[in-house]
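Listed after this line are the structures, all set down as C-alpha cells.
Both complexes below contain chain A, partnered by chain B and then by chain C.
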Partner chain A sequence: MMASPFAGMLQTLSRQRGVTAALVVSEQDGIVIDGNLHIGLAEDRVAALAASLYRKARLSARAAGMGAVSFMQLEAPVGRICAVGSGELVLVVVAKTAVNVGMVRVEMLRAISELAVIARGAER
Partner chain B sequence: MADEITRMSEELARDPGSRVFVPLGDALRRQGQTDLALKVALRGLERHPHFADGHDLLARISADRGELERAFDEWDMVLRLAPAHLGALKGMGFLCFHGGRFADAERYLAAAATADPLDRELASALEHLREQRATPPRAPASVVPASLAKDSRYLFADVLNEEGQTALLLDSQGFVLAGAYYDADGTDVGQDIGAELSGVTDAARRATRHLAMGDWTSIIFETEVAVVAMAPAGQDGLLLLATSRATPLGLVRRLSDRCAARAAAWLGGGV
Partner chain C sequence: MNTTVVESWIEAPLRQFVDDAGVHLALLLHPSGHVLAQHGFTRSVDVMSACALAAGIHATSVALGRLVDDRPFGGLHHAGRVRQIFIAEARSPRGAYIFLTVFGHESSLGLVRLYFDELVAGLAAAAPPDGPAPAPALAEHFERDLNRNLAVLFGRA
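Moving on, here comes the complex of A and B:
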C-alpha cells in the first residue's frame, strides 16, 4: 500500500510527547484527508470544527488587515488543539495540556511549508 | 411498515456495507425506536463516514431525542459534504429558529425553499419567519447599563495603553458590544471582525466537548503583524484582544485576563 504524502509529517508530530492526534483537514469542508489515528466520528467532528475555527481566525485577520494567520491554539483545562494552514489544507494537532507547545508549534510551522509543497504538487 | 423494516434489516444483514441503513434507521425513528435507529445509524456511518444522508439520519434521530447540539453538529457535517442538502437546510433552519437565531434560520430556510420551491409548508414557515423579523423588536433586555452605553468603545482604553493594543467585546451573534478596532486607514472594522468570528464560541465549545477537554479558556492565533487572543465572555460572548507581534505571549495572556475582568464587570454593571 502506498504511503500518503502526509504520513511523514504526521508521524513526526505524533512522536511529540502529549500529542494524541495529528490530522490534515480540508479547510473548506472540514473533511479529514489524512490522520495518524483511527478516524472515528468524534475525530471527524473535531477536525471539522478545528478547520472551521482556523478559517474564522483567518477571515477575521483578513478583515482586520492583520495579514496571514500562521499558528492557532485553543486551550482547555485538559487539552489543546493547535492548527496551522496552507492554502486549502489545515494541519490540526490535538494534545494534552502538558505537551511542549513550543516544540509542537515549531514542528507544525516546519511541516506547513512541506504541506504547501504537497498541496501544490497535488494541484498539478 | 413492519414488513419493510424486516426486509431492510435482512438486506443489511446480508450486506453490512449497504446504504440501506439510512431508510431502515429512518423507518425505526418514525416508529419511535430511536435507540435502535441510533445503533443502525452509527454502524452505517462507521462504514460510510462521508455519506451525507447517513449524517442527516443521525441528525434527525438526535433531534427526536432532544439532543439538539448533536443534531446541529450532524447537519453541519451534512452541509459540508453536500451544501444544498434539503433535509439539512430545513433541519438547520429549525434548530436556528428554536435557538432564537432568526437571521440564520431565514438564511437556511430560504436556501431550502430555493432548492424545493414547491414545498408549501416550507414556504409558509419562511413567510411566517420573515413577518416576525419585520416586526420591530422590543428593546432586548440589554446587558449594557444605559449610563455606560455611550462610552462602550473606550471600555478597555485604560487597560490597554500601548500602541497596537486593542480589544473588542462581541455578543453571541458577533455584534460589537464594547471596544473598537481601527485599521490602518482609521476605519473602525470591529463589526467586520465580529461578523467573521460569529460562531467561534459555539465551535470551540463543541470541539472541546467532543474531546472531553472541559470548557475552552482561550484561543490564540498569530498573524504576520499581530497576536490575537480570544476568551469566552459572559452570556456566550467573546472577548478579543489584538496586540503587536512583538508583545510577549505571557503579557498577551495577562492583558487578556485584565480585559476579561473589565468586560465581566461592565456586563454586570459594575464599571
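Moving on, here comes the complex of A and C:
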C-alpha cells in the first residue's frame, strides 16, 4: 500500500515523547485523512470533536477581531489536545499532560507549513 | 424546534442526538416509510415526503451496496452547498429503522457519524424488552397507519 503524503510528518510528531496521536483531519467534515496513533484511542471520535473545536475557535477569534488562530491547546486532567490549521486541513496532536508543549508547538508549526505545501500539491 | 415521537422510548435518544450533533432536521422511520419520530419539521406533508424519499433512497443504496460490495452500504452522505444529508440504518432490538438527518455548517459529517453511533446505542438501551415491533402492513392499512402516525406527531390524534 502506498504511504500517504502526510505519513512522514505524522511519524515525526508521534516520535515526540508523550504524544499519543497525530492526525490530519478535514476541518469541514471532521473526518480523518491520515493518522498515527497508539492503540486504544478512538481516532474518529477525537478527529470529529477536535476539528469542530478548532473550527469554533477559529470562528470565535475572527468574530472577536483577533485574526487567525495559530495554535490551539486544550488542557484536561490527563492529557492535552493541540491543533493547528491550514486551509481545509487541521493537524491534531493528542498528548499526555507531561509532554513538552513548547517542543510539540514548534514541531506542529513546522509541520503545518509542510501540510500547506502538500495540500496545494494535491489540488493540482 | 420540537421533537415528536410515535413511541415514547425513542424521544430521549433522539433529543440527545439533536442536541449533541447540532442538526436541523432528524427523522426516524420504518423501512416501509412509516414515520416513528421527527425533529425540526413543521408540516406533516414534508415528513410524509421525506419518509417516502428516505425509504426509496435506503432501498436503492442497500441494493447497490449488495451489487458492488456484496453487502448493503452502511450510510449515505450527500453534501449540498449549504445543507448536507446523512441517511443510515439504525438497528435496535425492535427492528431495523432508517435514520435521516439534515445538517449545516455548524455541524460536520464526523460529528453526525459520531453521535449517530451513540443514537443507535441509546435506542438499543431504551427499547422496551418485548421483542421486535410488528412490521407495518404494506397493503390496505398502509395509508391509514401513516396518517395515524403523522397525526400523533403533529398533535392531531
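In this text, the second predicted complex is superposed on the first by the 120 of 124 C-alpha atoms of A that agree within 3 Å, B and C clash if a C-alpha of one lies under 4 Å from a C-alpha of the other, contacts with A are read in each partner's own complex, and residues count from 1 in each chain.
In this text, a contact is a pair of C-beta atoms (placed from the backbone, for glycine too) under 8 Å apart; a residue touches a chain by one contact, two chains touch by 3 or more.
In this text the structure is predicted, and so the values were computed from the model without any measurement.
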{"item": "Clash or fit (per the criteria above) of chain B with chain C on chain A", "value": "clash"}
{"item": "First (chain B), second (chain C), both or neither touched by A:R110", "value": "neither"}
{"item": "Per-residue contact with chain A, leading partner among chain C and chain B", "value": "B"}
{"item": "Chain B versus chain C as contact partner of A:L74, first or second or both or neither", "value": "first"}
{"item": "Partner chain in contact with A:A48 - chain B first, chain C second, else both or neither", "value": "both"}
{"item": "First (chain B), second (chain C), both or neither touched by A:A61", "value": "first"}
{"item": "First, second, both or neither for A:V94, with chain B first and chain C second", "value": "first"}
{"item": "Segment of chain B intruding into chain C (one of 4-12, 76-84 or 238-246)", "value": "76-84"}
{"item": "Intersection of chain A interface sets (partners chain B, chain C)", "value": "29-31, 44-45, 48-49, 52"}
{"item": "Partner chain A, residues of chain B touching it in the complex", "value": "42, 45-46, 49-50, 73, 76-77, 80-81, 181, 183-184, 189, 192-193, 195-197, 199-200, 203-204, 206-208, 210-226, 228, 242"}
{"item": "Sites on chain C touched by chain A in the complex", "value": "107-111, 113-114"}
{"item": "List of chain A residues in touch with chain B within their complex", "value": "29-31, 39-42, 44-46, 48-50, 52-53, 56-57, 59-79, 81, 94"}
{"item": "Interfacial residue positions of chain A with respect to chain C in the complex", "value": "25-26, 28-31, 44-45, 47-49, 51-52, 55"}
